[in-house]
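What follows are several structures.
Both complexes shown next keep chain A, but they swap its partner, so chain B is in the first and chain C is in the second.
== the complex of A and B ==
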């Protein structure tokens, strides 16, 4: 095998620098690390940076998918500002985010706390049961929840009627109840998934802390607020930011259950983008909405990151 | 190892491999051959969502009555693609100069996506000359026409009929031959009140289903959504009247509000006997009734729709899938000829009916003795073409426009509000029109 320049230099310390050769032979030492890490950046560029830049360009064009995009400057963005559907979708998405943060995350924490209890029998079965919704096929979810929430034949209305004597709620046809149906689906689908994160965090909280608190006279609630919550702060912050970012892009739940309806009562921003791009062939407009969503998600994500201190050492 | 002695170093091999890959990649970026195939065996790439079309095209390719005399030997190569994805993928492949199909089955509610920005004109073959010999015998060209030129041939006339449970109607004293919707509604209100049985359904699920259900009845009443130029003509007394009729029906229970005509709630309604009649297209026999309530075989019958007292047509239509020929491909000529032979000949239309139950789109076929003799076992051995032929004589024209998808999105909510009694039908129509005008201006 021919000896590389690098090895020759190592073999003769203090030797005079090699005669000027090719650019590579002169800069090999400095360039080699970059060459090793370059695959990531090449892929990042191809599959992240380029699409983002193309998306930015498309957002300033009018394009139906075929032919040459027509440059329209910022018109798509100004149209978005006056598009009632877009603002409806923004409002709906904000509602989903707030609900997830205020209901789903605490629910996941409480379930994790329950699953972490000492002496709990069938812990693995419970874990499996709570995690199951994440891996169930969306097709099955559509069919099952469609029947659950049906006004005439739905199980939910049937149960309400049997227990409380009323049950005529138009779950997917009434604008308000349709939102409730979507958030119930979000709750069912994602609580168990988040529970796994909290459970992992809880298992790392030293038992001695609880024992010390108990000796000091702290009851279960006090132990939860004074030991569990502070110990779980890093996990909670991570979960909150992750949930915020992913819920801001919510698509499947409203798409599966209501298709954004009735009217646009459950339309999310991601669905708005999909509808403009793949139902109306308004690819430039869809790109503009996507850019706005991207900016909002990144901004809110960074803000939450800073406020919650994700990744900082809390000790 | 000495590089001077062995030219096949790892570095040399790596360079060679990279070079070969680059050549391959560049070659793949190049334009494909568009030299037309003029005879002989030809592979036809067909994209469709419905296995029934696969059966129909495969049988047709092997049927001498359809292929004899052709310079081509047709070899269908079908790919199953979801209805909503076909247009998306055809456009994407066309942009990438990739593997577009030769024949693409476009579902009727997806066709408006190619009606704007000259997409249909750039992607598909103009079928004006192909259909010209058919004259007025070819039904249902309008929904797939852009600027007066047809770009797709529908596979099915999708004639809406009234399916009904003969035993239930007899038991409750409802005549099978009621003349008008209003008369049927009177019986329906009585049945809903006394027996919890409905004689029809309306979709209250997604916007598309809601608007489709409304449009179906509007067309029968003589109203239209778009005219032939693509202008919205929904602001009509017929539209308000139909929506009032549907809303009254939902309120009284004559019409059952269901998310969609195929889902689990509808299946429950059919199984429990809550739904004893429904106005749906011909394909609902197989996909709705037989799929959900096979045990009710022999109890269902069908008839032409009751008329509206205020006028309109005897029949209406809902749904459909048109096959388009992708232009400027080597097999374009062969695909066009294959489509013509399967869709515009007597033998092709009969074969398609037997293969997948697709109703003929050529008017003379509704008098064809072979089809007139067809009996449907599920419908108690009824001669179905007695009904279809009467309906085909009085089918309304249905035009689409590029803004159809926008209309479905903005009209669904107001129509649902009217059906649920949250707003008046007139206000709902006006709200839908206003929202359409605001959004479709883009």
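== the complex of A and C ==
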């Protein structure tokens, strides 16, 4: 696009003639946006595009980090297909994703709904307290949760014993309970974060809509399904896709709380990649698992995007 | 206007507060417990039933941590790395966000899509090659390895674009151009001041991301004297007998800067985060 305003102003009698100057001073208007976005694209190229290409190459090699990678074609991928650990990690990751979508997201919506009640006092205090887990370093959180879930001394078992009379749960040693512990940690860490988005969405819903619905005789449930939910659609879509993409990459919670264990009961795909790459020196194999994760995340993300319509430019 | 409030029965109101206060306790309990326990003696940490308040309150854990561990060095590295990352990424993201929001240029949509879809690239895909590249180039010095790859996050650019679009009027830009302002001068003198709230939000977000990060430092930093704070705590917690007393003290001290930054700029952060989601 040309710059009519600028040219017209300069052509006015009395205005200084266009400065001859350097190429930059003459073309800066057209070049500026490229200059402004170039740092991102340089970094993106170096630290994301190149690693992706290198990763694609490595995924077809066998390499322990020393010497030259040995080309093995698609063997890493076929090995992954028959690797029980990999399937376990896929299953666990799917469980985390489904749990987050079906439990964490609705819980956040419920809390946001409560926080949005009219005349609620201390809304900001609640909002801040719920957001707090996001602010704290994951190592601190998992340490504290590790102590909470301690089989002998943990508060969780202590409380269970006090209330229900049993409390000998081996939270990190039993495959099922270890999953529960990880999932509880996910719930605790991320519910407040998502609540902030829903609350912002709710506060954007015009009050008049609710009043109109109330006058038409809609009860609380009808008001929720007919006014709140449609109004929240963009936020929900955003939250759902964010949750999908980030939970598919879950690493910190199982890594710190259970080290993926017992056995592989809480192993996630991201942990599988980490373990293969940095503990077992199977760099090619790790890269292949990373590529598979990438393909799954992108296809599920695109599918969700199409279903929910996130990120469409509405202008 | 207040018909809905007036009609809400007292019992409902009570239930609402009970629900929220219970949740508040659930969310706050682990952190309060860590704070309280960090002042307990080693034996008291595990006493059952757990005491609400440390009795007697001791500073042994803090003293032990500061004496036995290079705590301040971890702390300094984490803080300096986080501050550098924050300053650079706020600058780069607002520049790029401004370009995407206020210029029409060839390839704009395609470039934006590439930028935005980089959000979907799992860290697990690039982590192995990235580590190899950084290690081969011998760039594992923390100020490079922990800062440079992450200073232009796509999420930050997206956030800044959303904000710039509505906070910066086109007329103002044109007026400044007529006055002979260069394009970068425009950014520095006109746009940046208008973006202040969003800069705060992105600043907190970047600081927390960098300060709390664990996985990447764990991969790329190997010398104990280069450890970041989360790495240091993780090491204390590691294989050689879990030193819960020191770890608790370290955790509390580690949380102070992030809480401080968060509380100072909480309003901007919460509003900035949701700007993209709600108005998308």
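In the analysis below, the second predicted complex is superposed on the first by the 267 of 315 C-alpha atoms of A that agree within 3 Å, B and C clash if a C-alpha of one lies under 4 Å from a C-alpha of the other, contacts with A are read in each partner's own complex, and residues count from 1 in each chain.
The rule is simple: a residue touches a chain if its C-beta (ideal position, glycine included) is under 8 Å from a C-beta of that chain, and two chains touch if they have at least 3 such contacts.
Not measured: the values here are computed from a predicted model.
For the composite obtained by superposing both complexes on chain A, the positions of chain B and chain C are in clash.
Legend: residue contacts after superposition of the two complexes on their common chain; A:100 is shown touching neither chain B nor chain C.
Contacts of A:143 after superposition: both chain B and chain C are touched. Look at A:84: by the touch rule set out above, it reaches chain B but stays clear of chain C. Once chain A of one complex is fitted onto chain A of the other, the partner contacts of A:264 are limited to chain B, with no touch recorded for chain C.
When both complexes are overlaid on chain A, the residue A:29 reaches chain C alone and has no touch with chain B. Touch criterion met: A:43 reaches chain C, while chain B stays clear of it.
In the superposition on chain A, A:92 makes contact with neither chain B nor chain C. In the superposition on chain A, contact of A:155 is made with chain C only, not with chain B.
Looking at the superposed arrangement, the partner reaching more residues of chain A, out of chain B and chain C, is C. When the two structures are aligned on the shared chain, A:286 is found in touch with chain C, with no touch to chain B. In the superposition on chain A, chain A positions 1, 65, 143, 147, 153, 278 are in contact with chain B in one complex as well as with chain C in the other. Residue ranges of chain C in contact with chain A, taken from their complex: 1-5, 8, 16, 19-20, 23-24, 26-28, 30-31, 33-34, 37, 45-46, 48-50, 92-93, 95-96, 98-100, 103-105, 108, 111, 114-133, 148-152, 154, 157, 174, 177-178, 182-184, 187, 208, 211-212, 214-215, 219, 229-230, 233-234, 237, 244, 247-248, 251, 254-255, 258-259, 262, 266, 270-271, 273-274, 276-278, 280.
Contacts from chain A toward chain C in the complex involve residues 1, 5-6, 9, 25, 28-30, 32-37, 39-41, 43-44, 46-48, 50-52, 54-55, 58, 65, 111, 114-115, 117-120, 125-141, 143-145, 147-148, 153, 155, 158, 162, 188, 192, 196-197, 200-201, 204, 207, 210-211, 214, 234-235, 238-239, 245, 248-249, 251-252, 255-256, 269-270, 273-274, 277-278, 283, 286-287, 289-291, 293-294, 297-298, 301, 310-312, 314. Put simply, chain B touches chain A in their complex at residues 1-3, 84, 88, 91-92, 94-95, 113-114, 116-119, 122-123, 204-208, 210, 256-259, 263-265, 268-269, 274, 405-406, 409-410, 412-414, 416-417, 420, 435, 438-439, 442.
Interface residues of chain A, counted against chain B in their complex, comprise 1-2, 64-67, 79, 83-85, 143, 146-147, 150-154, 170, 172-175, 258-265, 275, 278-282, 285.
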